[in-house]
Amino acid sequence: MNRADSFGGSCPVPLGDQPCIKLAHGGGGRLMQQLIEEVFIAAFDNAVLRGGHDGAILDLQNGRTVVTTDSFVVRPLFFPGGDIGTLAINGTVNDLAMCGAKPLFLTSSFILEEGLEIETLWRVVQSMRKAADAAGVLIVTGDTKVVERGHGDGIYINTTGIGCVDHSLFVSPPRIATGDTILVSGDIGRHGMAVMGTREGLAFTTQIESDCAPLWSTVEALLEAGLEIHCLRDATRGGLCSVLNELAQDASLQFDVVENDVPVMPNVRGACEVLGLDVLQVACEGRFVAILPKNESVLALEILKAQNEFAAMIGHVSSAQAGLVTLQTPIGSQRILDMPAGELLPRIC
Amino acid sequence: MKYIDEYRDPQSTRKYAEAIAQLVTRPWTIMEVCGGQTHSIVRFGIQDLLPDEIELVHGPGCPVCVTPVDMVDKAIEIASYSDVIFCSFGDMMRVPGSKSDLTRVRARGGDLRAVYTPLDAVKIAAANPQKQVVFFAVGFETTAPANAMAVYLAKKQGLKNFSVLVSHVLVPPAMKAILSSPDNTVQGFLAAGHVCTVMGTHAYTSLADTYHVPIVVTGFEPLDILQGIYMCVRQLEDGSATVENQYERAVQDDGNTQAQDLIEKVFRVIPRKWRGIGTIPESGWALSDEYSSFDAQQRFKLAEAATEEHTECLSGKVLQGLKKPADCPAFGVTCTPENPLGATMVSGEGACAAYYRYRKERVV
Amino acid sequence: MCLAVPGEIISISGEDALTRTGQVRYGGSVREACLAFVPEAAVGDYILVHAGVAISVLQEDAAQRTFRALEDLK
Amino acid sequence: MNRADSFGGSCPVPLGDQPCIKLAHGGGGRLMQQLIEEVFIAAFDNAVLRGGHDGAILDLQNGRTVVTTDSFVVRPLFFPGGDIGTLAINGTVNDLAMCGAKPLFLTSSFILEEGLEIETLWRVVQSMRKAADAAGVLIVTGDTKVVERGHGDGIYINTTGIGCVDHSLFVSPPRIATGDTILVSGDIGRHGMAVMGTREGLAFTTQIESDCAPLWSTVEALLEAGLEIHCLRDATRGGLCSVLNELAQDASLQFDVVENDVPVMPNVRGACEVLGLDVLQVACEGRFVAILPKNESVLALEILKAQNEFAAMIGHVSSAQAGLVTLQTPIGSQRILDMPAGELLPRIC
Amino acid sequence: MKYIDEYRDPQSTRKYAEAIAQLVTRPWTIMEVCGGQTHSIVRFGIQDLLPDEIELVHGPGCPVCVTPVDMVDKAIEIASYSDVIFCSFGDMMRVPGSKSDLTRVRARGGDLRAVYTPLDAVKIAAANPQKQVVFFAVGFETTAPANAMAVYLAKKQGLKNFSVLVSHVLVPPAMKAILSSPDNTVQGFLAAGHVCTVMGTHAYTSLADTYHVPIVVTGFEPLDILQGIYMCVRQLEDGSATVENQYERAVQDDGNTQAQDLIEKVFRVIPRKWRGIGTIPESGWALSDEYSSFDAQQRFKLAEAATEEHTECLSGKVLQGLKKPADCPAFGVTCTPENPLGATMVSGEGACAAYYRYRKERVV
Amino acid sequence: MCLAVPGEIISISGEDALTRTGQVRYGGSVREACLAFVPEAAVGDYILVHAGVAISVLQEDAAQRTFRALEDLK
């Protein structure tokens, strides 16, 4: 059903029979996809939004300007390898980079919970400044709201980023072509496991460090090498699994991925086995998928490896079945790699 | 990872697959009892490697799938009380009761916690003396040592605010129920390796004899499952019907006697209702008299209610090997992992969910 | 059912048989497990852990039999 | 003290002796001003941000592009005259208009609380679409997060707006000059009283409708008339009082305002008297202050009145004491109109 | 608005101001007793219109300002309990106790509600039977009818979860204390119009006689205050010392006898500590024996603690007319409305806050 | 202290003397007030309301005296 037809009518109770928003609606999986398609896109419907990429390429007077937005709500605020401040900068910088845009300016907007210690805010803000400097962006305007105790979680941050495309490539899903190689920029799953490891009842004695990092310099290196990049996408909520499914759908092509080629650190792998989690569904915050012509993939991998030695080619694009992602298992068989369902719950029994 | 990686080796698995193909002369229907085995089979695409003659059917060995609707409803009721912290294994939280599930209770404000071990629920109780902390103690024999230990420690620590909602089930009576059904099609079993780790293998001898069915105690890695199938097919082709142990590295014939001692102290055998199947005699555990003060059902004075199960859902038949998920008209249509009708669509080890996530029918 | 994962014991603490615990390494991650039901387990042993509780000590020699059987297949 | 000097050091416990964020830090008054100056500006320090206007004028390749951001956290979500959705669009559209920029694009980012009814979200999203259409802006990209129950308040929305300046005026505080006339675009205080009137214990039998409205068309009319607008600022949190103080400070000039000339509806006035509130401190969401040369003020007022009959000239700019705002009282005496202290609490005894 | 707008007319106020200027022959010090009058004086810049000879000093008539620190500490303690909904007039929420204030309790998770009337606190109690609802019943005689009515209704409705933390004060004993001080400089009073609306004017006759001081019962609008000053100056210049009633439209000599009846039922007279001033005999109300079961101090079994007041703060002297806010070295430096040291900097009617917000010394 | 605001009674309900309430208009806004202590108040009267409770009925003729006194000043 085309929800755009029903303006002004009552809500057609979308999303199955679930009258309530649940955590799964924000988990990067199918429920979230449904929510976005059936509510937000249906209501806001316009050509730029329908472009479907993480950021919007705007037709301003001259050149191509890119804008992207994200709110950050991580618990806890500080985790091994980063905090909500680093995340808020890198997350938006990375969304710009994924559009092939050089990050220029950020806005930052805070929702603070009454009772938050200013010392805590200060530490977060310092992290933001450091991350912004490292990424070469300016935070150019902002906003602050305070909500009553029990209606926030210390700090929520929205950052909106503006960047520019100063090359002639269109880096976006429709450019993906049969025969392309799929690369990943480093080992996956560290951010999600770093955060999960801070939770009561799910903690390990050893710590996993988040992979949170800015990606523009890596993308810039790819661009400067003159590579014909077809598409880039950072693997955040929903992990590599979600990104591959989204891109295969948007490109209307099949992706074939080899599980054993996906780089995973031993500590992440062990923790995932113990908690019964599929590492392909675990969030990263500093890793991306790059898709480009096969004949350029060796050079691309070389450039990626210069930044992260664990970067790897993990699969290729075919035209067999639009939107399908297959996984070659460690024992050599093939299966479907489906979109994750929603909230990542430890599977124990 | 030792004891994992070598059992996922493609050469070794292919060798076993080829050996099975050489051995088999006619169709055989083999049930892997345990949901964890089902999970491995679909996750590693094992069916792909087998000859067409071998049909694997998925057994009732997933506690998430067999916990009856009325027990889920009780969990929902308790979790809704404002002074309760309700702890559960993660995947139990999405199992549908008759009207709701635990994640919806959380969305309406309930304090739900996914824990990795019941021992953490005991810690939460000690740390929150002003709250009632309840653990949803589901599971087969494998989970009983952990659940028994939680109750034992709570008593030892004198915790007055800890209790367990017990829905423990036992594997051998369920296998007996499947075998004694007039519709049964199962000719051989891969018995649940981790269950046997705790309880040993003796309980299966009389089943193998009585029903003349080969039973191979099997592990969970691809190589384990292929070797288990190989051993089972060998017996089937030979016409023999004994209990064999593929999972020797983990399973002793006597099981874990220390664990059995505590289980005997904390639990007693009772008849138990299985979701989609019905009541099976002597197929479950409840708290023993000595530990009955930790029973959440008594503490919260829950009334017994006859709850209806979803009529459309074939999960009971799926769990008994009488149907495959794809036989269900709801499968993938009105029933999906995001919106499950039956428990077998919820758990990663539930047959319907496993089929849905890794379904090979869509692979060309 | 019953996700049980093999891990290596790297240290043991607690005297009482029923409160014995150990630090167990899985791949590169370490977590505490209850060792009450594996009194024979020592540092360096691999155990199977389910829901935070060790239920079995893995037997190296028995493990080898799977691979020896494999060789016999040829 | 220059906070920018102390990077990396510990938080110097700013803002008096208050180690906790309180509602007053978001109340539009001095505490919020301190928070912004001593924490955010100190940390993010750069020339564009230091411009101090509500939106940032960016030096993109060509022309002048304006970006502004705001998060919206109103309780209740629906109030007489609007909802959080209308507010989220109009608020950001208005901040662009206040920079003299034609609003073009918005981003929207949602923080949803677990347990929110989708029907509610649907209604809000519909409001946003309607308001965006009315303001002639496109929502071009977005984001959704879900937080656990008890960590949100149904819906929080961030909108970030991008607009363009297609005239040669610089509409900003430094342009304000001695002798300028201060106008207000309509009656004040309705939004704040509309929201307060929904609270348990503070409700009236009669309802006050929020003044929530988009302001660009009014600003456009002023621009098209060729008026030399010096400064515009919408009166939101902290009300007219806050805006006048901010602008007088930023312009380093004195503002002299006549209390009896400030338009207030009888229902707003009555409710303020009963609750002991100063209407000059009560929030609006569709009113702005315009400052321009005296000889253009009559024409400007005419244009404002065409949109809202209660628009009025309320004072003028002098050079007596930089940053001071004076109020001529109804009995003809003069007093200081100071910045509000923070949270607006009913004063009853 | 009728009874407001006409009393803010610039012509009328100027006429009274001119009349005062014509009348006055030498300096006079007049205290407006009530904080509401102080608020009007500064909000409307009334001092500006008066001849230099008239010095207005600001009296102790703001309940927010005179509630003692230990009572604020008790409110903070009660509000911190997790099962309590603590209701208060809005401006009481920012008054500093010895270590904290009520808004900080809220920031740490306390359930604080600003209400317009104590009757709403009774409604909140009825709607939240599982919570203890406590109202911070501060006030002078004016607020006593509302607070008495709240307790009366709660008893009538049989509410077991409602109580009041009473800190009621009485005006005439405080005026007596000021007049009997050896340092007193006050020569005439504008008595608090709304207090007299409830209690009438008789209590002031003996004060006027004993201390030979003119007392004019005065309203709150600019014209009221100017007329009150005019009447007071006329007596001072004449050398007379009687009680006059400027606020005839609202104040009867007998006051509101219906209200007095209920007050007498619900309250009893006690000695009361005033912030910054000390204990004054017979200067407060507490709950009568009949209503003592609604006393929050008893219900929560609060211990009496001797709490120290901020030594730097001159608010006690300000409240007695012995100092002006600007005499305080902390004024506008370490003490501001955002970060008040004394209660007089908190309330919109507190002399220090009123001076700070509308301070004329900065106006050229 | 004691912010009390004049308002006009526009309706009255409740029989019992101590539970009598009225709708009172202040400028353009209406709110309920307790009328228990002003039994003589009728619709159209102006009352002084403090903290939700009427404490006095305003006397029109007495109010005029302030303005008559003003004329006497000249």
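Read from first to last, the chains carry the letters A, B, C, D, E and F; within each, the first residue is number 1.
Just so it is clear, contacts are C-beta pairs under 8 Å (C-beta built on N, C-alpha and C of every residue); 3 or more make two chains touch, one makes a residue touch a chain.
Quick caveat, the model's predicted, so the values are computed rather than measured.
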Maximum centroid distance from chain F, chain identifier (CA atoms): C
By Cα centroid distance, the chain farthest from chain D is C
Between which chains do we find the greatest number of C-beta pairs in contact? A-D
Cα centroid separation between chain A and chain E, in whole Å? 59
Whole-Å separation of chain centres (CA-atom averages), chain A against chain F: 63
Can you give the whole-Å distance between the Cα centres of chain A and chain B? 35
Taking the mean of the CA coordinates per chain, how far is chain C from chain F in Å? 83
Would you give the residues of chain C that are in contact with at least 2 other chains, written as numbers and ranges? 1-3, 26-27, 50-51
Multi-partner residues of chain B (at least 2 other chains): 1, 4, 63-64, 89, 106-108, 116-117, 120, 139-140, 142-143, 349
Two or more other chains touching the same residue: where does that happen in chain A? 18, 20-23, 114-115, 148, 150, 266, 269-270, 273-274, 276, 347-349
Chain pairs in touch? A-B, A-C, A-D, A-E, B-C, B-D, D-E, D-F, E-F
Going by the contact rule set out above, which residues of chain A touch chain E in the complex? 114-115, 148-150
Contact footprint of chain E on chain F as seen in their complex: 1-6, 8, 18-19, 26-27, 34, 36-39, 46, 48, 50-53, 55-56, 58-60, 62-63, 65-67, 69-70, 73-74
Using the touch definition from the top, list the residues of chain E that touch chain F in their complex. 1-4, 6-7, 12, 15-16, 19, 34-36, 61-64, 89, 116-120, 139-140, 142-143, 145-146, 149, 152-153, 192, 194-195, 197-198, 220, 223-224, 227, 246, 248-252, 256, 258-259, 262, 349
Which stretch or stretches of chain E touch chain D in the complex? 1, 4, 8-10, 13-14, 42-46, 48-49, 63-64, 87, 89-91, 93-94, 103-104, 106-108, 113-117, 120, 124, 138-140, 142-143, 222, 336-339, 347-349, 356-360, 362-364
Can you list the residues on chain A that touch chain C in the complex? 203-206, 208, 265-271, 273-274, 276, 347-349
